[in-house]
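Look at the two complexes coming up: chain A is in both, with chain B in one and chain C in the other.
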Partner chain A sequence: MSVTLVPKRVSRRKSAQEGGSFLAALPWVGPALLLILAIVVFPAGYMIYNSTRKISQVGTDLKGVGFDNFAKVFSDPNLPRILLNTVVWVVVVVTVTVVLSLVLAQFLNKPFPGRTLVRMAVIVPWAASVVMTTTVFYYAAEPNYGILNKFLTDVGVLDEGFGFTKNAVPAMSMAIVIAIFVSIPFTTYTILAGLQAIPNETLEAAKMDGANRWGTYFLVILPQLRGSLAVAVLINIINVFNNLPILKIITGSIPGYSADTLMTYIFKVLQFDRRLDISSALSVVNFAIVLVIVAIYVKTVKPMKEV
Partner chain B sequence: MKKLNLRGVAVAGVAAAALLLTSCGFGGASSTSSSEPGASGTVTTLTMLAPTYSDGTKALWTKVIKDFEAANPDVKVNLETQSWENVEGVLKTKIQGNKAPDIYNGGAFAEFAAEGLLAPTSDVASEATIADFQESFAENEKVDGTQYGLPLIASARALFYNKSLMEEAGVASVPTTWDELYSAAKAVSEKTKADGYGMPLGNEEAQGESLIWFAGNGGNFGDGSNIAVDTPANVEAAEFMKKMIDDGVTQKDAGATQRTPMLNTFIQGKLGFAYALPQTVGQIKKENPKLKYGIAPVPTKTGTPATLGVADRLMSFKNDGSKTAAVKKFMDYFFSADVYTNWVSTEGFLPTTKSGSEKLASDETLKPFLDMLPNAVFYPTTNAAWNATDGAFKSLMGQIATGKSAADVLKEIQAKADAAK
Partner chain C sequence: MSFLITEDRASRRTVIGRMVAGLLVAAVFLIPYAVMFGGSLKTRSEILAIPPSYLPREGAQWSNYLTMWDTPETPVAFNLISTIVISLCATLLVLLVATPAAYYTARFKFPGKTMFMFLVIVTQMLQPAVLTAGLFKQMLAMNLYDTWLAMILINAAFNLAFAVWIMHSFFASVPKEIDEAAQIDGAGKLRVLFRINLPLVWPGIVTAVIFTFVACWNEFAASLVILSTAENQPLSVALTKFVGQYSTAWQYVFGVSIVAIIPVILLFMLIEKRLIGGLAAGAVK
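What follows is the complex of A and B.
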């Protein structure tokens, strides 16, 4: 039996090496490939296609216009302010989120009574719907009956309710606070997982060598967190960059474009100007920016490099 | 080996996430299934898309459809209702997916007509039904001489004033001109705890509030062939609006205020003056019947009467043209005097048909508004650039409250309208 089996196996492997491997693998990866094609590649391709068309306001495709839509996008006088807003929005939210999460994860890594409860409580903003969380904040900041305004007037900080969500700078700040609030759980848990993977020996070695607490943290723990930090930062950048619900609810009623990021601007172009073609072009720009950020990040931080 | 796997997974995951998240603006075709006409039996299924005017709209339509189906067993109507905010977006998705509704209730229609998507009224309603519409409204439904819309409702704005607050502030007479409104609103905001005048320039209704003021100075948004927002009369009106806001005689953050919450503060008795609709009367009756208020014509610059009139319409998308006979049955049924007046008066609107006006002429709630209709200025809904103009008002007009000059804002809106040609 075994004598006959061995040569058969060899020949099979040979044919696999000669190019049959793809066909053999197809039934296994096919469904996943199909899914990726249908929900990732096709919409992205369609978006890029739309960005080169002229589409009427009611949605009929009129003709191809090449890169005209992009020319319009880049000559848009609102664009610099919107890009600036986007940069501020992403940088502030991601930086503050990561710093706070590092602290929080360190805290949650220490054993203390009720730790499980606290750990679960941290998940709540993540588990709740973002739209709901944001709407709660939005109503709290309502100038006439919001609880935040009521509190501030009652304790005497304000004379009367202030429209936190009605003016560009306060509304943007508020959106940033909410974005940090909902980003912390994921970031904290990613870092916490990283912390728990740090071998105890390295910490003991640091102690033996007489490193102080800060030294241990910055020279021993932080370098070993590189992997999880990289994932946390990258996912957060993409997520925050493309965030619509928080900004749409908090800054949506502000007239003009002074509180818009690229994402909300795309939405406004679609909803109010009804320009499917221009908003597609903007989406392509958005997509390109994200890709560039990710590429730069991967290149410079080398998150996959071994420590 | 483990590390390698992890790397692959992470890279793939990031790429997929980037693609997914950046392409989430993509709205696929809706999954509404439409049954094949004449496949088996002779039941024709019509799709209908309607916005909700009030909480009761859906029930009202459902009842109309039920009675209609009982009388016409060969036609079925599938109703879909959407909020006003969403209805046009939903419609656009349906058109893109070749699933345009057979019956659509909406505002703007000229661009659909211009692209040949709509069925002419003569195809989808009998002559008797078409002849019953009041001429002024029917005229508003025509593009290049062909009527495409069946005017469904009419509405006009009037000044609602809070009597108690006026008394408290020592304002003796109801304002009829801008200057009188200014000083009355000023007195109310200074001498009472309430705000003087409610100006909703947020993206719900900025175009409505603007046109009321523009009309008060003899202005409008242009006509069927030409959008004219940036005109001297309009700029003057917008400057007066800005003056009201800057001098603090309106509520705060006028540029970000939506109409519905603003009217709620009026109903609660915390606002001196506001422009409101026939339905507001019913709302006050229901929610704060003790409110002492009155209804008066809109104050204008010189006192000559003018107001904003709104007419919405039913229209029919052609699709493959196989369902026009069924649509005709529905329209003729709906616009028959009894069905129609019941619908219009339940929603609190003004009728657009001759038979309907006769039936409702004695209604006291509607009377002040019916009287104002002859002086109403309408949106240029027959202009193909109107949708873009409307959107530009919604997203940009509020800027007069956040520091931009009135002339600059109107220039910006005009530019958006011109770009949509």
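What follows is the complex of A and C.
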């Protein structure tokens, strides 16, 4: 963040040179700033404030309780299982997504007739609503009339329809598969962008040096993909960590909290228990984790360097 | 068979192998949507039949696309209107607010610019889901709970960052000299923006608009909590009401989904080429 280290005097002189003080900039950046402050920064602060209050189920602020809500959150017997689920959910989905996307991007970077159409097909789950995609999987996995169960019995994998969404472990597994399915398009395109940025000369030089295919891939291509992989991994971690619809639909009908992640738990507390104070405290914990990931993003990807 | 000759001069067998693999990849990504489409053409009794059929046996029920607007689970027509109004208004708001900010930050230096761009980057990594508990209480306090306006503001605020970011990089690619020449001719800043810059950066604006629109169209978490009246809810929330019901009208769920998905996919395909450029700039999330 070397930009912030520029002495103020210099930047002021420069800005005067280009005819811009903060007041002159305000009509241009003001509306955007106002929207971000009112709808992103303010609710973040308000949420932190609410996490220290006792709030009735209809939303009335009763009194300040200090860190009581956090004490309740951390002594919650459901929390260990929920945190474990969250870690498994994020690690498995992101790892498998990135590995499969590396393979798929490598393939989609090779020329063949019809490649544009295949690339278009890969876009579909990215554009389509996650709720709708998940719904069709939920239907297909229904034990009696679900078409996936019918297919699995027809090809002999199953003897009879299996209730994928009835128990925590199979339901979580199925949610993981869906999350991978909807995360691959973005990840593949990010890696594809990285692949196209590798100069042809680099690859030809590797060939001239007699490197074999795997050697070229691991020693030449993969190191060049570091930037786009960092973007893909971090944005996937954020997206998967904060994903609500997939688990809500697939594991939502399972009683208790054995198939919940931090995010689905927050929404259950907020929607069904209507405990705004507790869900605020949970959200603050969640928000802190997200901010750490954002900090890593800013540090490794350095999106500020061209500003 | 000249079409089998590719730039990397792969053998004919390799090229055919790639085409077969390509077909399989396309199938994997399209099959769920094919199931969706097939299901939308079945009768209610057929889609709940045990064992199920792969293809509509009783003939394609195109009439589902007319009758699906009236189901007991949720007022689908209202949900579609909500989705359209919220997405269009939020996209318009983003465009109005992000364009001047992106232009000014790309062209001029001013005290606080680094802070502003930093705020934009942090916002870009956040989603409404992260702050829903705060937004919920805020909208209650502001008397905006269960209104379209609340969701328009939320969608606009959380998608603003991406639009600023991508438009910023497009404006930055227009040489400053063009602006300066126009200013010497006596054009004001607004005139320079509208007459000189916008025609040059419109691909960036189209990309930003489509991305924002699609994100608003598919938003789920905040809508779920902020909008409680069935008529106000967007399709993403409304469709979850069908799930888990004893005898779900799946044919309608899928018909509505197809109607909601097709325009979005077409929009996304329009910017397919630019997606890779945008991703290379690290601007797309």
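What we mean here is this: the second predicted complex is superposed on the first by the 265 of 307 C-alpha atoms of A that agree within 3 Å, B and C clash if a C-alpha of one lies under 4 Å from a C-alpha of the other, contacts with A are read in each partner's own complex, and residues count from 1 in each chain.
Here is the rule we go by: a residue touches a chain if its C-beta (ideal position, glycine included) is under 8 Å from a C-beta of that chain, and two chains touch if they have at least 3 such contacts.
Note that this is a predicted model, so its numbers are computed, not measured.
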Check your understanding: So, does A:274 touch the first partner chain B, the second partner chain C, both, or neither?
Key -> first
Point to revise | Partner, of chain C and chain B, that touches more residues belonging to chain A | key: C
Exercise for review: Scan A:254 for contacts with chain B and chain C and give back first, second, both or neither.
Suggested key: first
Exercise for review: Check the residue A:163 against both partner chains and state whether it touches chain B (first), chain C (second), both, or neither.
Suggested key: first
Check your understanding: Which of the two partners, first being chain B and second being chain C, lies in contact with A:87: first, second, both, or neither?
Key -> neither
Review point. Touch check for A:103: first (chain B), second (chain C), both, or neither?
Key: neither
Review point. After lining up the shared chain so the two structures overlap, which partner does A:196 touch, if you call chain B first and chain C second: first, second, both or neither?
Key: second
Exercise for review: With the two complexes superposed on chain A, say which partner A:235 touches: chain B (first), chain C (second), both, or neither.
Suggested key: both
Point to revise | Partner chain(s) touched by A:222 [first = chain B, second = chain C, both, neither] | key: neither
Exercise for review: Determine, under the contact definition given at the top, whether A:286 touches first (chain B), second (chain C), both, or neither.
Suggested key: both
Revision key, fill the gap. Both partners, chain B and chain C, contact chain A at residues 36, 39-41, 43-44, 46-47, 59, 144, 231, 235, 238-239, 242, 244, 252-253, 266-267, 270-271, 279-280, 283, 286-287, 290, 294, 303-304, 306
Practice item. Would you pull the chain B residues touching chain A in the complex into a rising list? Key: 3, 7, 10-11, 14, 16-26, 89, 92-93, 95-96, 111-112, 115, 117, 201-203, 206, 252-253, 255-258, 265, 270, 384, 387-388, 391-392, 394-399, 401-402, 404, 416, 420
Revision key, fill the gap. Note: in the complex, chain A contacts chain C through residues 3-4, 8, 11-12, 14-15, 18-22, 24-25, 27-29, 31-33, 35-36, 38-48, 50, 55, 59, 104, 107-108, 110-133, 135-140, 144-147, 150-151, 181, 185-186, 189-190, 192-194, 196-197, 227-228, 231, 235, 238-239, 242-245, 248-249, 252-253, 263, 266-267, 270-271, 276, 279-280, 282-283, 286-287, 290, 293-294, 297-298, 301, 303-304, 306-307
Point to revise | chain C to chain A touching residues, read off their complex | key: 3-4, 6-8, 10, 15, 18-19, 21-23, 25-26, 29-30, 32-33, 35-36, 39, 47-52, 54, 93, 96-98, 100-101, 103-105, 108-114, 116-123, 125-127, 129-138, 140, 153-154, 156-158, 160-161, 164-165, 169, 172, 214, 217-218, 220-221, 224-225, 235-237, 239-240, 242-244, 248, 250, 253-254, 257, 260-261, 264-265, 267-269, 272, 275-277, 279-280, 282, 284-285
Check your understanding: Which part of chain A faces chain B closely enough to touch in the complex?
Key -> 36, 39-41, 43-44, 46-47, 56-60, 143-144, 163, 165-168, 231, 234-235, 238-239, 242, 244, 252-256, 258, 266-268, 270-274, 279-280, 283, 286-287, 290-291, 294, 303-304, 306
